[in-house]
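Both of the next two complexes hold subunit A, though its partner changes from subunit B to subunit C.
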Partner chain A sequence: MDAQRPRWQPLQRIRRLLQRNADPNLARIKRRKALYALIGRRIAVLRLSLFFAGYIWMLAIPSSQLDRGVYFDENAMQPAQVNTYWSWKEVHDADRFLDQLELLRDSNATSEQRSQFIANEFRKIGLAASTQSYEFTGVNKGINGSNAYAILSSPRISGVEAMVISASWISRTNEGDGTLNLRGVATVLALSKFLKQYSLWAKDLVFIISDGYMDGMQAFLSAYHGQTQSNLRAQALELTSGVIWTALNIDYPGHSLSHLGIFHEGPNGRLPNQDLLNSFQHIARRTGVPVVLYDHRDDLEYLHWLPENIRNHREIRTYFTQARNLWRHIGYQASGRGSGVHGLFHQYRIDAFTMFALPAAGPHGFHSLGRIIESTLRTTNNLLERLHASFFFYILTNSDRFVKIGNYLPSAILISVAMMFGGLQVWVEAAWAKGPQEEAKTPGAAPMTWVKRRRPILEVLFIMVFTHLFGAMVFFIMSSETYSYFQLAPFLLFLAAYALPLTIPAITPQKRSEAIAPLSLVLKAFNLCLSSTVISIITVLNFSLAACLAVALGIPLSTASSSSTKAVQMVKYSTYVVLGLGWILLRGFAERMIWNWDVLSAWLLPFLCIVYFPLTLQVALVCII
Partner chain B sequence: MLWTAILLSSLTFVLGQTEEFQEKLSIKSLRDGRVASSFSFSILLRDASPRDPRFLAFDDDDSHHYTLFPLTLGQILRQYAVTELHLTLNAGKWNYDAWGYPDESGVGVGAELRAWMAEGGPSSIDDRWRGLRNALAGLFCASLGSLDEQRTTSPALSFPPDGYLPDWGLPHELRHASYASEHVCTENLTPFLKLLPCKSLSGLATLLNPHRLFDADWHGIGLHVLWHPEGVEVRLNVQLVSDPIRISSSRKQDWSFKTLFDRKVQKPCPVAKSSLVVVNLPSSGIYRVDPEPSFIKDGKAYYDLTNSPGSWNIKTVWPGDFEYPFSDSTPLVPFSVRRKLLSSAQDTGKLSIVVTNNQEEQLDLLYLETMPWIIQFYLHTARVYSDENLISNISYTLPVPHARPGTFESVLTLPGRSTLTFAMDVQKAFLRYTEHPPDAQRGWDLPPAVFTPLAHNGSTKQMRQFYTPSLLVDLATPDFSMPYNVIMFTCSVVAFIFGSVFNVLTRKFVIVRLEANGQK
Partner chain C sequence: MRFLPLLFPLALFSYTLASQQHTNNWAVLVCSSRYWFNYRHMANALGMYRTVKRLGIPDSNIILMLADDAACNDRNKFSGSVYANPGRHLDLYGDNIEVDYRGYEVTVENFLRLLTGRLEDSVPRSKRLLTDSNSNIFIYLTGHGGNEFLKFQDNEEVSAHDIADAFHQMYQGGRYKEIFFMVDTCQANSMYSKFYSPNILATGSSVVGENSYSHENDYDIGVAVIDSYTHYILEYMEKVNKTSRLTMADLFTSYDVPKIGSHPGVRSDLFSRPLGPQHPMASYGRGHGWKVEGEWTGREQEPYKRDREALITDFFGGVVSVDVEGECESDDFSYRPASEEISKPSPPSFNPSLSSHPKSSSRSYFDSFPFLRASLAFFLLGLLFAFAFGGRISRR
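Let's look at the complex of A and B:
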């Protein structure tokens, strides 16, 4: 019997577990206590593994394991199911329009002359056309221009819905470096003439030739939707149509095209419905034009340092191709500016993207482009409702592959959870202090005593509110008109922002009793919890920005600590302030951000000033208090 | 005494009635190369009068003996004692600036129904209005049943009776409803043609070819019943604006019966008292009208097709290609209106009306908005952007959520050559889950606003209504699809995690051993 005992022991244990003679509540509380004790003991390991998992996950997003092929969700769209009628006659029309536009370009025509010419061409086609002049005041004084637009009131319909076909005068090449989008404009003109011949449109068609790169469309759309922008004087529109559902923006700067690129990011992290992009890339492929994401042709020259057999491995090629796309995506989305003119439509709940004709010697041109646009318009024409199926949260890793929200969101969330755990841990630590060692009655293990102490919440909250107000002040200085006049302004602002918070340790009481927790601990706890909350909220609004924050704040904020020597304290303080506000010294970067805020209302500048910088400032203060 | 009068009147109605049928088609080439055609079929029931609602209690109405007058319609009119009735079903956006006023003023998009009825008798006006709606819905295969209480209004001034109201000593009331989402199509035309004495077999109605009618840029059918001392008149009309340049795919604006309707008039309608085609001749340019008209008067060519055998294919031919008017031409109507619902938010918006007076004289306009309750006006935010106070006589019937639309009526005064901007904040309703239509993400169509120019003595009589295009409004719509479920699920998980974390932070779990009190 005794010999058999060990064998039966596990079974008996199970039986004991199943027996319900013990109080179940008691058992639950016991289990819970044990779990929390475990978490408490292993918190350091847990945090480290969460950080590790988060960063690894982030690096894994471009891999082909996390993404999947695109598919259609909205069955009404029926892409590439129609015969297209665009033919060489229309190509000829487009060429004639192009000739006239080139004449305009060579004669250095003003904005007004240009828009008047385009509006007249629209009128000759038989469309209701008009122009709209606009002017920005304030910081970006001198941005002005004139848009031309036409409305095709489609037969038989009430005209309450509309689709937009637009082209900006300046192409998106190098983010609007001044290359003219003449062929894009010619395409729109030829399309307007061609599309008028059909009675099958179920929505009004609005053709817009916007002046400038982004500014013209911003002026047009704010006037169309009756939004007022304090620094914009835009003429009211003489002609209007219904609610715009979809918009296609055409960018064709080169002589011919080899690929069509998709640009889809909108301002402040908005994305168009994926069905629209899917339809376009499906149609383009059917027509025979290869589609790429952005203007990335499929050559990975920057990988030349890798050995050939590794470089040509399928998995690795895919990873690096997609990583490059992802990097570009993060840049566009996090900057809050979007990747082009189409983004401006997203502000008004219009799904839009830019089809960018990659300049090349061939083989495609107006003929393929026109057919693709015609077919895409027929597809959006099929919509009975706004695009609502499919995805609004996605990351395109390639033109035909995407990562679902569930596969990318957790990476940033894991990091924010790690930060939250760190904050809670510091919070708990702040509540306890080592008590005076009791006299060891028994030699050996003298039990450590812990004494509870008060946590100064009010002071810390005061400091935090101060930092955010301080950030708001920095923001107002940066967005004011005078800021851009002084060459030295960024430098002075940085110095002020660096020096002013140094007064805080002087006004906070230095010597505290043992019964009160040090300010720095509580501040760090709050700072970590707040940063974690900010990151997890931003993940759904603008994942790219959240990922950048997770990288920029995750480890640095968690490792902040006070130091005994003044010198080390100052070094730490300076590091954190540079991390938080160093960007204002990068002249080009800051200027572009101010422009984006002023003209396009991109939120990155206020966000950096009012949320991001104060968070780093708080942690900088942790080091010196 | 009264009884004899009724008996006598019904006798005269049965025996002494004479019925007349007249048809007319007028065709006009428009400035933008399009061609507007307007068919009008009118049937006059001489010396007849509408039914007095007090006699609805007596089932003695035996006046359903018609020869030309459509019986199905006559039954409906008498069953519900309707004095005056207007029904229009239109598709497209009438471009007043380029096309001028239409021959028949009812060009609001979708379905519009209005009726004048006398109060009194056994059933109330609202009961009869409901019955009328449903009967007409059945007759015309149209969604007129949707013109329910939530869309029915009674504007005080904008729609005066076109005919006369009988002096029965009873108050007459107007019921008006419009439904912008209604699409007019063949199923509405077929019952419409059945009301005509010759159907579409002969006469001008031959030309009503559904393939061409419903391909026109703008098309609409209308039914008007009105009473004047001569008798009860039913007018059925079809209007269309076709684009010969689009149809022919050449650049010419030439039109003929054959190109516009793909048919010719082969034989006359034998019961038609008159059958007339009127072609508005272009004011300038070289053109040829074929065949030679019967006579020309005031720049109009008249063709009398009454009882004339032979096939008619009237046409106008221009020698050269059509050139679109290059510069901005002046509008053909005394005033132009732009109406828009601004803002892309889902809870509030701004209704904006821009009215331009194209004349030198001052213009008084009666402005009517009949809004479903999903849009509620904030009247205190109403602003008129102009130097003077140019809005007066405001009357507003508040909407009742889920029950009654709002009616806003006022008079706008525009000095000569001026532009007036009227803007008002609106609130968009938050709908119940079940109130959303199947295509919830499309939005809601709002009926057109109606402008009526007032004569200098302030009367609206003989003034033509001006319909703005309809609007589409986005209301807060739940996503009735998968992401909606995902959001709900995620929220539940977050709430659960928050609860647990909150518990941990605020509560302390200890094991309390209770001494067994007295037991064991």
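Let's look at the complex of A and C:
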């Protein structure tokens, strides 16, 4: 039928083009050449448009055009299909537990006493309970504590799988500023008493009250999974259960709650399966408690400078609300630390999140929270396999909306492609020089012509390897014990890292023949290609980090060039070194990163030192060689 | 041994006689999906089980296949029970349940072997479909399906062609008289679209491209407890008792599309008997709630069918009125290996479009001239006696 219809004009032209050549291979080669020539001619426009598209795309991620509503993918979960029986009696239990916990707090009980008390309460309920003490050595010597935990074996089936209900002693308020999570702990205690009445658990229930904010759970999970951490001395667990599939972390620092906030980011960019979050928010809504992402209430005070009618426009409001969520998300994900205790579970392929009770005067409390947790546990109890159906790669822009991987990934990839094109362009440029024509036989011909020249690959590779080794050295200095003792250490390290590479131009031969390309060009080409590759790879591991890299490296690396005057060279060099290593002078930031690496094994510190800083150092060297 | 030639016409005669009415009822009830969240499929099959048992099919004639044990699932708050309604008034898993195939025994292979009778010698009688050419079989399938397939156990499927071929083998092997095929799954009507053997009446819960929906949840059990189509079938069947004269047309016209949520279908073009009185069935699939007409395949043939109306109790429940005249050697349960008779499952000689005068070769003569049956019987019996006595006398 379609054979009779006139074809689309360009298609026909292409077809004719193809038919003219009898040899298809020849045609293919010609096509390829034509394409390359086109790219070569338009490379500047192409790069610019790729950068432009990439950055615009990044800015568009929070808009409501790219996201969609969440939905369930796992049939087995059946969220919000059960009657809940958590009632005022259980609320009363929780209140009594809270009274006792407050007594402990007021009497300045030690970790040991606290965990003993909690384990005893578990035993009184009739559960197998125990405590686990732990201590970090090395850089963070002071961190120690004692976890309490209890296991409710599934009544009718062998406990090969387990679900965790946990609360950390210190709440996540302001990323663990010391606010106690007393109500969260009381909720877990009351829940353990309440859930024991049921015989329908198909999985073991593990109740964990971890000490500290993140450190206690890190110690517990390391011991549970037999993971050894060189700077952690954790007592072996007396009681163990099966493979943990899901974990709910309860954080209830205030007196009452108005909203429940979802915190879901794990360390090093890991995210839990979206089905878990979706079913939780579905259940919470059904129960009548509004759900928000993070601890944002829906007020955008920072927009007050905008005119009223623009500020209240639906699309604008959505954009800014979602942009704020995205900003939080990037902060948590890129830092590699995650957004709370739940993140530690992700290391062991356990889907977990924190339900954060936003402190408020009301109207909700233990009653709603307990019912939501009961229903959520019934849902996770229904699981037959690990959560696998829904999404692992997503950006939640709101509690009930998300961006699929295909709608956010290209933004960083486009920038990385632009960088790759830039690198290849420089690589090609390095091979050619405008030189005088060797044998000008005809006097009328052009006096200048393109001359091919050698590209010094080996030297450049040496320089690059050196920069990465140098970065590794910086990393080992930063993660050493002595580094944190000296107040001036960051400053000295920065100076050293600034000054030492300055010797490189002295070592490298300055004067070279015209037949060899300048080192800086080849170095730049390699640097751009490597950065582009790094960004592309990181996008799927940790998109937020990749987006940050794309922003930090994209334009700066592409615009680097050597200059003739020494002063301009030094200014450029300094700028790039500050871009690459300036963060170690930010005391709080660097300290937190060292802590994250040391205690939680977050990869951001080694990544910045061994990958990111060397990349900027290479481009800094491009300017001075 | 000279009587042997006599036995053949006798057997043939008895075969044709027996076609008047079935002498035994069988039911094959299959829930093909496992897992706790498919509780409702177990409940569907158990609901049917209860109904056919109540209407008189004994456990020995019911093959119940349950792919999972919802009653003893560790997530079941009411362990040992399966309920099909939110109030949990009736425990379908009561005290007298015989599950013939359970758990991982419910496979496509076992299902097809059961139908065609190709089972190992070691398989007990309770797991065999010991039907003969006088058996009416009710076959009920439920589970997750799609266009022309039904999923078994989350790892294999039976296709509509498989079932159609199995039925044809059964037909050729003389393993049924009539089959009533009911299926409740998504796109269920596609499951019977490939049948080509005679005397099969089929109905399904939903047209192609349409889901079959669950009916109700029990919020203590925490899952949907029954599917909509099966729920309304069972609800209707509560009106039926062992002596009921309700016809299949009554059952089919009770389908209420807005309530069920999907468009059930009927296929009667292979079935030679009328479904019931013309007036209610004539409007089947038309009017309120029906999206498209045509969910009844065989509407055109229906006015030309001249026979006994198909009663619900023909398939559900025991034999109420046995035609004594036709009662013959039906005790031969042993299966004749199909390979001896059937070279291959050839396309059917039976052409549905020609069945405006539904005359299958084995029955037409006597249907038109019923008085012949008695006289022929007397004639043959007389001949037999004469022969036997003649032989004895001559030997003396």
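Convention: the second predicted complex is superposed on the first by the 583 of 625 C-alpha atoms of A that agree within 3 Å, B and C clash if a C-alpha of one lies under 4 Å from a C-alpha of the other, contacts with A are read in each partner's own complex, and residues count from 1 in each chain.
Here is the rule we use: a residue touches a chain if its C-beta (ideal position, glycine included) is under 8 Å from a C-beta of that chain, and two chains touch if they have at least 3 such contacts.
It should be emphasised that the depicted structure is a prediction, and the values quoted were computed from it without experimental measurement.
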So, after the overlay on subunit A, do subunit B and subunit C clash or fit? They fit
Tell me the contact category for A:Arg32 with respect to subunit B and subunit C: first, second, both or neither.
first
Have a look at where A:Val243 lands relative to subunit B and subunit C in the superposition and call it first, second, both or neither.
first
Have a look at where A:Leu469 lands relative to subunit B and subunit C in the superposition and call it first, second, both or neither.
neither
Looking only at contacts as defined up top, I'd like to know whether subunit B or subunit C touches more of subunit A.
B
First (subunit B), second (subunit C), both or neither touched by A:Leu586:
neither
Is A:Leu103 contacted by the first partner subunit B, the second partner subunit C, both or neither?
neither
Taking the superposition as given, does A:Leu384 touch the first partner, subunit B, the second, subunit C, both, or neither?
both
Of the two partner chains, subunit B (first) and subunit C (second), which one does A:Ala44 touch, if any: first, second, both, or neither?
neither
Partner chain(s) touched by A:Val82 [first = subunit B, second = subunit C, both, neither]:
second
Output check: A:Leu200 vs subunit B and subunit C. Expected answer is one of first, second, both, neither. What do you get?
second
Just to confirm the value: shortest Cα separation between subunit B and subunit C in the superposed three-chain model, in whole Å.
5
Both partners, subunit B and subunit C, contact subunit A at residues 155-157, 198-199, 384
The subunit B residues in contact with subunit A across the complex are 32-33, 91-93, 95, 109-110, 180, 214-219, 243, 245-246, 249, 323-328, 338, 340, 342-344, 350, 352, 354, 439-443, 445, 469-472, 474, 479, 481, 483, 504-505, 509, 511
Residue ranges of subunit A touching subunit C (in the complex, touch as defined)
75-76, 78, 81-83, 154-157, 198-202, 378, 381-382, 384
Using the touch definition up top, name the residues of subunit C that touch subunit A in the complex.
35-37, 73-77, 79, 217, 219-220, 222-224
Note: in the complex, subunit A contacts subunit B through residues 26, 29-30, 32-33, 36, 120, 123-126, 153, 155-161, 196-199, 225-227, 236, 240, 242-243, 347-349, 384-386, 388-389, 392, 424
